[in-house]
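Two complexes, one shared chain (subunit A), two partners (subunit B, subunit C).
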Partner chain A sequence: METVEQIRDRLLARFPAAKITLVTNPGAAAEHSLLFDAASARELALFLRDDSALALDYCSNATGVDWPDKEITDVVKTTVPDPAGGAPKIIEQKSTRMQPGCLEAVYHLYSMAKKNGPVVIRLRTVNRTDQVTLPSLTPVWRSCDFQEREIFDLYGIIFEGHPDLRRLLMWDEFKDHPMRKDYVEPDDYEWEPTAHGTVLERAKAHQPAAPAKEAKP
Partner chain B sequence: MSISDLSFLPSAQGPSVRAVRDQFHGDLLEVSMGPQHPSTHGVFRMVATLDGELIVKLKPVFGYLHRNHEKIAENTTYLGSMPYTDRLDYLCSMSTNWAYALAVEKLAGQSVPDRAQYLRIIMAELTRLVNHACLVGFLFNDLGTSFTPLLYAFREREKIIDLFESLSGSRMMCNYQRFGGCRIDPTPEWLKAASTLVDNFPRFLDEYETMLTGNEIMLARTQGIGRLDPKHAINAGITGPVLRACGVDYDVRKVDGYGFYPRFNFRVPLGAHGDTYDRYMMRILEMRESVKILQQAFKELPEGPIMDPKAKIRGFRPKAGEAYGRLEGPKGELGFYLISDGSPNPYRYRVRPPSLINLTLLEEMCLGHTIADSVVILGSIDIVLGEVDR
Partner chain C sequence: MSDAPSSPSAPAVGAGAPGYTPFPAAGNISDADREDLRRHGVLMTSFEELYNWGRSNSIWPLQFGLACCAIEMIAAATARFDIARFGAEIFRPSPRQADLMIVSGTVTKKMAPLVVRLWNQMPEPKYCIAMGACAISGGPFKQGYNVLKGIDRFIPVDIYIPGCPPRPEALLNGLIQLQQKIKGEKLTGPDAARFTRADKPSEFPIPDYGAHDLEPTKNTTVWSPPSPPAKV
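Let's look at the complex of A and B:
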């Protein structure tokens, strides 16, 4: 099978306008992946599926990853020569910057016709709050249908072009996205406003006022 | 090929309601089957729209057993979620364990000693026998033969599960695999008992097939029911026996050759029609092949350690990176996707559940069949809700 670099070069030759980045995997598995830009992801995916040399006809796994905003501390060292002629001083200047986070969709592609794989492709959203739309790859590989619904449910990525984008595992009224790293569990999942609270509140007016605490001498 | 050509997918065209409104055809009826229904194999629900008795639309509803397994695993250590993988597919904990161990070993670059590789294959194939025996039993239950075939299947399953219990201490939640090997070395007595059981297993299959495979009602209820064509099945990510029943030769044991499977001599049975009957026969034939693998494994099992001496149990921290490990589980391709950031917990832990993805084409398989057939079709796909909902 072609290496990831060869696939990238072939894709770039075919689609010069596409932006493709090679994401290296430093682990022992060394399965490097290709990061596609959202605008051209669908046609790149179609090419991967229909290309006769690759024939990646089977998308095994589609999943989300959350990369929260990260604070990065840069340390700049400057050497200041001592005017008195002594050893030069090294001054460390620390500055922090925010690396914006994103949500990521990862797809593992295999070829059933050629019996090879995997080719890993990634798509990233612009941020984690308001621009979380990615093109759906369900029209290319139907196996992404439930998996993209799950990513939408648990991570909150909105897949444009998905035929039936609804929550898969959580219930429809659920508000948050539980697999995000900054998700906070509610104290009581089953709490819902009932008339009971207001009734108790009104009943207080009829109860004798509690004796005021005497200030201790 | 342009994107607009992709509308061959049935779901891309929206639900195909083919109700005819005349004096003989009244309104459509929506039936909610499940989540508490004996035929949905757990807390699974399908919302079926019926035209008379025929299904015109069917939407599966998930999540009744959802406990966010992935989030729990991300908050514990790598080894800490090994016992929890048993609860995914609670009929096949041995192979689920192996899939997880496989992914972690790929992530950390660990090796596994020979004896452990053989033991893993023995356990995985015994699990396949358990799962497929259960499945054919439940399938006949769904067909209406109340309980007798199921009890015959459960008799055999119980024998294997007793072996698992004597080895690992638990019947179903075995928690047997470790990163870099296995937990317990079986005694020669255990191996002898297991080998005898495996040698006698084909007798059960012959008995079962004599009673049931040629049965007229069985043939009438399964042949031509719930057909799946290979092109759609591949595109929808269907794996395992359900895919091979359509005639697609794709078995991860052969394709990836993980473990010591390339050393083993076995065939991959293939179906021709992709209907419920072929899916049933796939299970029977795969059990026969599993018996062959097991007999070979018992014969060749080498002596030696069962854990890699370099494997680290405490303070296990794989270096940063990611890995996707997959194997041929009894239900289909079971995968684990892990991202490590160098800490003791996985940064991302993902299970690729074959049961969930095999349900993608449930609606297409059921359309035009009766509601009673949908029960059989669902039974032949073989799902476990612990894995579907995670």
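Let's look at the complex of A and C:
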């Protein structure tokens, strides 16, 4: 099978307007993936499916990732020569910047015809709050139907062009997206016989306050 | 049936003798005497005993499973373990025909109202077995955002079977425990069984789906958190 770099180059040659980023995986598996821009994702996906060399005709897995806003500290080191002629001083300047978060949909593609795969593609939303729309790939791979509904349910990505975008696991009246990092689960910690860690902290709120210690005579 | 407290008449003879357990409805005849009579072809019993014997040996469970415990429940019904030996092999697909609800598996908050509704649809007398760690307390998924921390928050549970999942033998043992419980139930008197009493509810409120959790999150008439253990 072609490497992801080769696939990316072929895609860029075919669709010059598309923006494709190679997301490297530093782990031992080194399963690199391709990040598509949302505008051209549908035609890129159709090409991957219909290309005779790749024939990625099966989407085995679609899942979501929540990337929260992240504070990044940049350290800039500057060398200041000592006017007295000594060793130059190194001054560190720290600056923090916010890396905006996003929601991500990840698709694992295989080829039944060629018996190879996976090719991993990713799509990212603009942010986590109001611009959370991505093109649905269900029209390309039918097996994405329930999995995109699950991503919509648990992460809150709205898939444009999905034939039946409803909640899958949670009930319809549910108001949140439980797999997001900042989700706070409902407070039902009244009875935690073996609580520890964060559970213990939440369980303590339900326990009656300990009686004040009697002062020793 | 009436709840008027009937004054239990104290047995006059042999009450203090060791090993003597007065048979409640048969006056002062001891179990040993009854056994002796039975060997001579005289069966002495009471309606209560006959009634309880009959229904304890034909407990029809509701045919539904929620998670992996259901697989063990199915295994208990197969030839190797054979729940039919205890008269409970007829799994009814309708709650109207079922006597026993085996809550076998994780109860998600989405499923909980449906379980309570099925329980309400079952006719009395009805019994509930919480099978496995999840049905008892939420089990390994206790801290999950969508797992009910025990079905006893909404319906009364008669028998708890721990295990993850419990083996079929454990389910059979739980069933035997339930049979013994049924055989010991009174039909009249101040300590009559729950299903004979008008003041004990047979149906329980079905929780609604809220914005984040079930509403209410528990039925306080059935369940309230135990007081935490005293610190020494």
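To be clear about the criterion, the second predicted complex is superposed on the first by the 187 of 217 C-alpha atoms of A that agree within 3 Å, B and C clash if a C-alpha of one lies under 4 Å from a C-alpha of the other, contacts with A are read in each partner's own complex, and residues count from 1 in each chain.
FYI, a residue touches a chain if its C-beta (ideal position, glycine included) is under 8 Å from a C-beta of that chain, and two chains touch if they have at least 3 such contacts.
Quick caveat: nothing in here was measured; it's all calculated off a predicted structure.
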Report for A:P178: first if it touches subunit B alone, second if subunit C alone, otherwise both or neither. both
State whether subunit B or subunit C is in contact with more residues of subunit A in the superposed arrangement. B
State whether A:H108 touches subunit B only (first), subunit C only (second), both chains, or neither. first
First (subunit B), second (subunit C), both or neither touched by A:W141: first
With the two complexes superposed on chain A, say which partner A:A45 touches: subunit B (first), subunit C (second), both, or neither. neither
Subunit B versus subunit C as contact partner of A:L54, first or second or both or neither: neither
Contact-wise, after the overlay, does A:V65 reach subunit B, subunit C, both or neither (first, second, both, neither)? first
For A:Q207 in the superposed arrangement: first (subunit B), second (subunit C), both or neither? second
May I ask you to decide whether A:I7 touches subunit B, subunit C, both, or neither, giving the answer as first, second, both or neither? neither
Thinking of the overlay built on chain A, is A:L169 touched by subunit B (first), by subunit C (second), by both, or by neither? both
Return the residues of subunit A at which the contacts from subunit B and from subunit C coincide. 169-171, 178
Please output the residues of subunit A touching subunit B within their complex, sorted ascending. 25-31, 42-43, 46, 50, 57-61, 63, 65, 106, 108, 112, 115, 118, 120, 139-147, 154, 163-164, 167-171, 178-179
Flag every residue of subunit B that touches subunit A in the complex, lowest number first. 1, 3, 6, 9, 11-12, 14, 62-63, 66, 68, 70-71, 106-109, 232, 234-238, 248, 250, 255, 318-324, 326, 333, 335, 337, 339-340, 348, 350, 352, 356-357, 359-361, 389-390
Spell out the part of subunit C that touches subunit A in their complex, as residue ranges. 109-110, 143, 145-146, 149, 209-213, 217-218, 225-226, 228, 231
Note which residues of subunit A are touching subunit C in the complex, please. 169-176, 178, 183, 185-186, 188, 190-191, 199, 206-207, 210
